[in-house]
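First chain A sits with chain B, and in the next complex the same chain sits with chain C.
The block that comes next holds the complex of A and B.
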């Protein structure tokens, strides 16, 4: 018990106690940092009729759909290609690199790349005759952010998928080749089914991560006056932090928590009763 | 046989083409960053794709001074070092307790810890902010060190416990027979044996704490106390018109990280994917 004590102390004071506080705060009436009264449910009543929250939630769903393709699917295809190459080491090392860099560096660099005037992307497009485009504004906002997200994480998920693919016995793939299977058939009929569990796990990471992502939205869009790229995490921080609305901010953080834990819970149940356990691989 | 051969070659060409196209998507932005960081802002605005006329470090010197990068580097280094020590100390001790010792509520407590793996930081962010505000620790390095350590702990405990579970207990048993106490066994036998997993824990803790943005964004508002990440956010907002200066600041932060990655590449890959891939 003594051994567990230091870790427990840090975890309890930094995670558990603040969660309890957040729950209490979400039922508390505030005047800036001043507690007025406890036991109100008005913050939760506001959730149902908040158009900005609905917008943020919808944006989260767009972001998740886009990153499933740009992070997950691209990562899977890159892994399959790398798996068929004899020397893919340099490619894999470079594609993985962005994930170790701070989001502030990548976000700021991409803000420059997307810049309407004198940005890298518009300058390149100008060569082939396109007019300058406002990438970090409607209707492109969410896709522009998702592309950066893909730039960071496609290589990360490629590495994970690649590691699973190398664990497939090469005899299975060779036998299929001898039987005349093409590369696409090998991809869809052998590799994907055999790393199915890892694909499910990555999907879960992308979907729940899609509700938690804050850095890129804040860094790429800054204050985002049109709110075209507002998502739950940025709305939460703006509510509690910039508008000092502690009560509603806490309620929003509970919404985010319940969404993420809910998805985890449903996945766990589906796995237990339908698919079998996810961590058997 | 001929068709097979043609298909084979077509496949090789196609896969190389895909990889090289993707490679460009990674290299062009970075090359552009390096190139632009050495040009004047005027040149950059006139011709964004141009190359620097000469190698010039003037932007670096200016950006270093104006962003006060030396100070913020030091703050980030202190935060990362202290948080890593806390995580290593707490996680290996706790993991040893969970793996080897029998005490009431062990399983429940362990599950309680692992729950932290799936919790979003946002679920405790508001409460944490008010708590730090109440005890007067906002705007100190502790308001970043303690939360980031706590966030790293559950995965560190999980990895270390799994590792201890895989170690045979015969060494400890013989040490125990020799009369060594539990803590002596932990310090002299278990901890040295745990070196590989400790390296993994150090890797992901250092990277995550060093890169952390949201926690200092909320907890530290005093300019002089900001770590590198949020100080760079403020700097690039303040000088948003000066592209060259911002890109020079980025370059100075990224370059040492590229070298570290080059040297410890496989170690770093293992460290960051540790959460998803089981060894």
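The block that comes next holds the complex of A and C.
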């Protein structure tokens, strides 16, 4: 007990205490930073009828669905390609590079790419005779942000999948080839089933990360006056810092935490009862 | 053992030397937080800081500035909550200053304000003076919405400055026919179009009614027929293509280039436009840009000569440990010499009216417009509840984009702020 005490103390101070405080805050009535009374449930009642929250939640689901494809699936395909290369170091380094760039650099770069006037994408469109498109506005907003997210994190997940794939014994792959399996069959019938636990883990990371994404949305969309790209974290930050609504912000963060915990629970159940375990890879 | 003793002696000697040295070199650092400032105004601030530092040996001033929107919503709150908060910080007069007073960040500075009262215009304290005292010292008087335009393009197209709303629409149409965007706005942060349409709202609904609605008074709502009527003007401008199609994704600082690459001709912005133009590297005097006030709205119930405007200034942190020094810094920063330089070199209006550089044509024109205004009304995001203001701004953004009709957008904005009613 004595050995774990320092770690427990840090955990209690940095994790447990803020969570307890948030729970208390969410039942407290505030006037800006002043406590008026404790014991209200009005913040939770408001959640059910908040039109912005509904929109933010829907946008979050679109973002998560898009990033599962653009980060997870693309990362998986890139890993499979790298796995088939004799020397893949440069290939992997190229796709991993965006991960190490600061968000502000990436956001600024992609704002230039998406810019309506003289942006890279629209310049290409104009060359082939199309009208410029407002990429960061509706209906493209969420997809535009998701593409940037995919550009950053596909390489990251490629690295994870690649590490798993390299642990698959080459004899299994060779045996499949001898039996006449093509590359697609090897990918879908051997590699994916053998790293399915890692795929589930990556899915969990993408889904839970999708509920926490803030920086890209803020940098790419700024205040987003049409709210076409509002997501739960941006709404949460505005509620806390712009509206200084501590009680409602705390209630929102509690709900967000419960949603993420719920998803983690579902993933664990799916992993256990549907996917099954293959511990080796 | 000997080695240990030698080491101990060396450490002690080094500690004594360090302690002695640090006592001699001890300095006090005052921190100032501000939003982005044009290079000319910044030079004036730095000169005033240098003068203050010369008068106070051992005291230095650290100036921490960030872009307007970053400062407003993230930079300043973070600075105020940090371990090393600013002793003095910039603010837009109005509700924001009042909130700082309520939250205990702003010091009541009536004693300091009294030193300036004789020189400053009476109206300059608006937004900084409340029932229980003064919570900041104003520096600039800003007109928040003027229609800046490229005079060379107007001349090329044979256009004259519009004096009625119908003429204004005709000017927009003529510019559109020439293949240019009549009005550009960088509204990604919501307030540019919000301020622009905010002026229509006052003009259509009348100052008192607009203030009652935005002030969340009982019996009123944002989807009031007068507000709907005001936003129909915005809807029409969007429908006819008089505003840039990407206005709601274009950043404020990104949008200025459209006034210089020939693609747009007018920009609804405040009296700080010349300073912003210089900030991005142009000499305002060489641009040939001028401004006119937004014309009267036909049939509007409000004061058609009203001006959307506010005072900006600096707030003393209630927690500052160096109050006397901060007061001295303010005395230097706000003295007549530096006010004159702010107006002359920064190209704006200062609250010490006699210090305004009226030999500058633009400043003289702004001073005259401000003096002849029937009323000065507050922008929604500084004069009223910020959550209400952004709900309204989001509705305005949707209306300009024709994503929703004024009635629908305002009804949805009202739904967003229902929880504020009755508070």
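To be clear about the criterion, the second predicted complex is superposed on the first by the 254 of 281 C-alpha atoms of A that agree within 3 Å, B and C clash if a C-alpha of one lies under 4 Å from a C-alpha of the other, contacts with A are read in each partner's own complex, and residues count from 1 in each chain.
Throughout what follows, a contact is a pair of C-beta atoms (placed from the backbone, for glycine too) under 8 Å apart; a residue touches a chain by one contact, two chains touch by 3 or more.
Keep in mind that what you see is a predicted model, and the values were worked out from it rather than measured.
*Asks:* Clash or fit: what happens to chain B and chain C when chain A is overlaid?
*Replies:* clash
*Asks:* Is A:151 touching anything from chain B or chain C once the two structures are fitted on A? First, second, both or neither.
*Replies:* In the superposition, A:151 contacts chain B only.
*Asks:* Which touches a greater number of chain A residues, chain B or chain C?
*Replies:* B
*Asks:* After superposition on the shared chain, which partner residues are touched by A:33: those of chain B (first), chain C (second), both, or neither?
*Replies:* Both partners, chain B and chain C.
*Asks:* So, does A:173 touch the first partner chain B, the second partner chain C, both, or neither?
*Replies:* neither
*Asks:* When the two structures are overlaid on chain A, which partner does A:226 contact: first (chain B), second (chain C), both, or neither?
*Replies:* A:226 sits against chain C, while chain B stays out of touch.
*Asks:* Check whether A:241 is in contact with chain B, with chain C, with both or with neither, and answer first, second, both or neither.
*Replies:* Both partners, chain B and chain C.
*Asks:* Looking at the overlay, what does A:70 touch: chain B (first), chain C (second), both, or neither?
*Replies:* neither
*Asks:* Chain B: which of 37-45, 217-225 or 253-261 bumps into chain C?
*Replies:* The listed stretch with clashing C-alpha atoms is 217-225.
*Asks:* Touching chain B in one complex and chain C in the other: list those residues of chain A.
*Replies:* The overlap between the chain B and chain C interfaces on chain A comprises residues 33, 111, 115, 117, 222, 241.
*Asks:* Touching residues of chain B toward chain A in the complex: what are they?
*Replies:* For chain B paired with chain A, touching residues are 7, 11, 15, 18-19, 22-23, 25-29, 32-33, 36, 44-45, 48-49, 86, 89-91, 93-94, 96-98, 101, 103-104, 109, 113, 116, 118-131, 133, 146-147, 149-151, 153-154, 157, 186, 207, 210-211, 213-214, 217-218, 228-230, 232-233, 236-237, 243, 246-247, 250, 253-254, 257-258, 261, 265, 268-269, 272-273, 276-278.
*Asks:* Under the stated contact criterion, what part of chain A meets chain B in this complex?
*Replies:* Against chain B, the touching part of chain A is residues 1-4, 6-8, 10-11, 13-15, 17-22, 25, 33, 77-78, 81-82, 84-85, 88, 91, 93-105, 108-113, 115, 117-120, 123-124, 151, 155-156, 159-160, 163-164, 182-183, 201-202, 205, 208, 211-212, 214-215, 218-219, 222, 233, 236-237, 240-241, 246, 249-250, 253-254, 256-257, 260-261, 264, 279.
*Asks:* Please name which positions on chain A make contact with chain C in the complex.
*Replies:* Those in contact with chain C are residues 32-34, 46, 49, 51-52, 111, 115-117, 134-138, 221-227, 238, 241-245, 248.
*Asks:* What residues of chain C sit close enough to touch chain A in their complex?
*Replies:* Touching chain A from chain C are residues 69, 73-74, 77, 99, 102-104, 187-191, 193-194, 245-246, 248-251, 254, 258, 263, 386-387, 390, 393-394, 396-398, 401, 403, 412, 415-416, 418-419.
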